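Reviewing the structure listed below.
Per-chain numbering from 1; labels A, B and C assigned in written order.
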Amino acid sequence: MTIMGTPRLRKEDPKLLTGEGKFVDDIHAPGELWMGMVRSPYAHAKIVSVDTAEAAAHSGVHAVYSGKDLEEMGLWIAPLPCVWPVTDDMLNPPHVPVVTEEANFVGEIVAVVLADSRYGAVDAAELVEVSYEELPAVASLDAAVTGDALAHSDLDTNKAYHWPLVPDPDALDAAFANAAHTVTGTFVQQRLIPAAMEPRGVLAVPSPHGGDITLYSSSQVPHILKVMVAATTGIPENKIRIVAPAVGGGFGAKLNINPDEILAVTLANRLGLPVRWTETRSEAAFSTHQGRGQNQTIEIAADAKGKILGVRVHLDADMGAYMRLITPGVPLLGSFLYTGVYDVPAFGFTCDGYFTNLTPTDAYRGAGRPEASYAIERAMDLLANEVGVGPDEIRRRNYLNGGEAFQDLEVASTLVFDSGHYGPNLDKALELSDYASLRAEQQRRREAGESKQLGIGLCTYVEICGLAPSRALAGLNYGAGGWEHALVRFLPTGKVEVVTGSTPHGQGHETSWSMIVADKLGVDPDDVEVLHSDTAISPLGLDTYGSRSLSVGGVAISMACDKVVEKARLIAAHQLEANPDDLEFSGGVFRVKGTPTAELPIQGIAYEAFTAHNLPDGMEPNLQEQMTFDPPNFAFPFGTHVAVVEVDEDTGGVTLVGYTAVDDCGPQVNPLIVEGQVHGGIVQGVAQALWEEAVYDEAGNCKNPSFLDYLVPSSMEVPSMVLDSTETPSTSNPLGVKGVGEAGTIGSAAAVINAVCDALSPYGVTDIEMPATPQKIWRKIQDAKGGEA
Amino acid sequence: MIPAALKYVEVDSAAAAVAALSEYGDDAKLMAGGHSLIPLMRFRLAAPAVIVDISRMGGLSDIRDAGEHISVGALARHHVVENSELLQAQAPLLAHVASKVGDPSVRHRGTLGGSMAHGDPASDLPAAVLALGGSVVLQGPDGERVVAADDFFTGFLETATAETEIITEIRIPKSSAGWSFQKFNRRAQDWAIVGVAAVLGDDPRVSLINMGPSPMRASAVEAALAGGASMAEAASLATDGTAAPTDLNGDADYRGHLARVFVERALVEAAG
Amino acid sequence: MQIDMTVNGRAYSADVEDRTLLVHYLRDHLGLTGTNVGCDTSSCGACTVHIDGQSVKSCTVLAAQVRGADITTIEGMANDEELHPMQEAFRQCHGLQCGYCTPGMVMAATSLLSENPDPSEQEVREGLEGNLCRCTGYHNIVKSVLSVAGGQS
């Protein structure tokens, strides 16, 4: 390997830097109609009537449809899909693109207009008159659990499912019965708005005479979308093409099957005209799913020295109004990680999913794992306080395998961790952050009574990626497999095309995949073209989410390259009249061992395979191979994050003044990209800790749907970060790679809140709810001062 | 979102603007930089049928020395105010506050007159003009009048400007007194949760951002200072006469605490 | 109404509704789709262009208000041969991932340097405070801008 592991500039950049990159809203089709959505202003209401007359009469309006109009048109054969029914008896009320009887969250679509311009669609949507009969709304998770109101009138409960993972209940009870110390943390994972910078958009272009249809969508999951459009609309799958052009960030929010996608496809198909729509930012709080929304209770039982005996977790999880594509499974993705990087003899996890009359939730960067990491890492700090040792020491005492290297180790949650080596990773982070000096400075400020106090927070996380072994997914009732497909093809002139089922939206796959191929085949990375995200070009794939692309899709490419080399070897042996076993391949050239002059470059072999003039008997022409890789196990990246905050005790204001992260994602293909992923991930987790929350009032209205009040941080709110890494190869794939797309987010929220609590520890503060706003912090301090007086 | 349909009219003088306002009445809104109005129009919280564009009118964007005061044309953009050497020398608080409004791209477009006309209690520049004891020049069908900033802000998003009047100029008395501007928010580009502007001249003036329905002075603080109170004592009166809002960033009680903290910090800095 | 302006050195004209925002004039009527829309509150800066050389959020300007003005969009930054130094710096420093905020970032950053050719890190952060990015955590964006500033001095 010479190219992998070396920073390399991205191929994607010139287009994106110059405006050549085309996002969905940049693409137009002649005669296109704009959809305008009429949305419910009520969280829960019966729809009494929909009057479309005035809107329909408005200039430039092509058509207006109520939910009932669309139902009568028979545009779909099934509701929007949920592919993860986590239990056999899970409740799953049907979610149709436009409601007919009852609106179940603010922003649910009740009518659609089609107009000939972007502006005209907005105007016409305002003219649709809808009469509602308001119903009691379930406006929070707490209300769903304890209140009387029902989120769905035709269900007799808000509880959608109960899911337990308690491998050995007796052992768990015994652990708590025998504990010298127990600590309990109750944490709220607030709802978050994913807020990819590109709002979602769709453009459906029909072919009235050919019968096929192309959907351009800002989607992370074009392949899954294709299957689901077929299943939902009844349009034959072979007539559907999905294109995800340049996609401006996803973070999970673009992995759903959305009402607008189904509407655009079906209306375009019915009318024979292109149909499009782009959400506005403020609309996105309703038109795109949200993340998190969990109430967590975690208990740790430990012996006198703080050695963990057992961990018990219960979640209440806010599904929102409907089960979207993988809504119910998100908490399960975290369930296995509530034991963290620690040696936990006994473990139990239960989760209850609840419906509310709020925007549905689903995957958001980390999906279940940031929540798990937060709970265990916050609870470890509680345990450190309880036992009376430092946060670093409590972690060391509990690391799996004593912090030493291990492979294929089964943990209490029944998973087998591929590899880990936690001790040196912590050491490196403490050294890099100058932890000892930070503690000294903290002490100095405390003794001086300064108004700006320092807080230092640790998080030593582990996460799951490499989704996923298909059989493991089957065990979780997930509706699909977890493989990824790749095809590697030499062109006659010696250039290479790679077709991948991974679907990037900012991760730089074109660059990283080229680097893998270049190393494997001995070609220049610039001679490799990566084709993706268009189902007509890349028909097989399971897309990009959950930090899976490298460890499944990238590995598939690497293995396809191995097959290409093996076929080329046979051709080379045939033409050099040598035994295949006597050939060595390096730098793109086959040589006969011991006969340096007998050599053939692989590009030349590609041409020979194309002409097929002189191939071994029975060999197919052309040099191309494909591979579908289904990993035998997940991959478990880990790392240590150190956050340093300054808390102004007079105002409660928090400033993140330093951040150090040492992540271990195994061997890195392109360190430049790895660092970028970690930077961005960290800030998303910090944002959850300090700024972001979708706030709802008692009627179920989101009070901060726009960027004026939903505080996505700017360059002014975060510092430059210090990053380093350790490298512990995975046993789950031949490249030993893990994944890094979500690691930053999984590590950072707990690190920051641990730091804030650390700063406030002289006041006896042990917890603060996210986001840690200045007002909350100031109140904590006031309460503590009041308590002293 | 998208503004509702409108008729666009451009005028080339204050007199023409006044004539247009007289012609279109309630339906018309003046637009300078548009950075207060267009966001409201995009959410259709404002839907003027006629936009009278004054942004490129001649003569109303100059900043000049008028003897006792500095005359700032209503169309002077925040970026120009921020970088005006005249203001930096003669009324440095105003230049400094202009540099803290929104973000650089907003400051390239927004105008001092527009900010005053909008009269937002959460806005930075009205507080600065109040603390500096400035005044606003209005031109209407019957000619020109001058309104002290103290009398200009009359209620929530309401000012003394009549429907047929246009702000042509903001007058800022020259000041070499100590000053301070304090702005507290969770994200740099956002409106202040609470802000304070202070000018400690012979007659100390302190104004508050986002502590009531309109930009306002901290009269009790000023009176206490005039009466010889210590800064801490004066600052403790910061919430007298205020009616702070409650929103996602803080409730009235917390805002009151912040007002006391930042008034004291402002007084200390201004006196330093 | 008929609106004329010069964009990236070329004269354009289009007949649009009076209410047309500059960003939609550029994108939907002139086909210059490099300028993006990321919000509806003048918060995110994805739509940043230069009007007469200064960065402005084009979602908060009526096209009618800048008739006859000289507009530069991201499409006008590189020449046929090479990227603008700021674009090149973003590439060298990995200052972009999904690329959606990038055109606005580049326009804001070049405007910043035209006013302050040698900013500190803090000044760069202040200069970009009106441009939101969800991918990079700003680390490499700030690095990109500083590398150009350093290179110029």
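As a working rule, a residue touches a chain if its C-beta (ideal position, glycine included) is under 8 Å from a C-beta of that chain, and two chains touch if they have at least 3 such contacts.
All values derive from a computational prediction rather than experimental measurement.
Q: Looking at chain pairs A-B and A-C, which one is connected by more C-beta pairs in contact?
A: Between A-B and A-C, the larger count of C-beta pairs in contact belongs to A-C.
Q: Name the chain whose C-alpha centroid is farthest from the C-alpha centroid of subunit B.
A: A
Q: Between subunit A and subunit C, what is the separation of their C-alpha centroids in Å?
A: 29
Q: At what distance in angstrom does the C-alpha mean of subunit B lie from that of subunit A?
A: Centre-to-centre distance between subunit A and subunit B: 44 Å.
Q: For subunit A, what residues touch not just one other chain but two or more?
A: Touching at least two other chains: 118-119, 280, 282, 708, 714, 716.
Q: Taking each residue of subunit B in turn, which ones touch at least two of the other chains?
A: Residues 1-2, 4-5, 43, 188-189.
Q: Can you list every residue of subunit C that touches 2 or more other chains, as numbers and ranges?
A: 17, 19, 40-41, 43, 126, 129-131
Q: Show which residues of subunit C lie in contact with subunit B when the two form their complex.
A: 1, 17-19, 21, 40-43, 45, 48, 51, 54-57, 59-62, 64-65, 108, 111-112, 115, 126-127, 129-131
Q: Please give the residue numbers of subunit C that touch subunit A in the complex, ascending.
A: Touch residues, subunit C against subunit A: 17, 19-20, 24, 27-28, 32-41, 43-44, 46, 73-75, 77-78, 83, 87, 90-92, 94, 96-103, 106, 121, 124-126, 128-143.
Q: In the complex, go through subunit B and note every residue touching subunit A.
A: 1-2, 4-5, 43-44, 184, 186-190, 193, 248-251, 254, 257-258, 261
Q: Name, in rising order, each residue of subunit B that touches subunit C in their complex.
A: Residues 1-8, 10, 31, 34-35, 38-39, 42-43, 51, 53, 55-56, 79, 102-106, 108-109, 188-189.
Q: For subunit A, which residues are in contact with subunit C within the complex?
A: Residues 9-10, 12-23, 25-26, 118-119, 195-199, 246-249, 251, 280-282, 505-508, 672-673, 675-677, 679-684, 706-708, 712, 714-716, 718, 720-721, 744.
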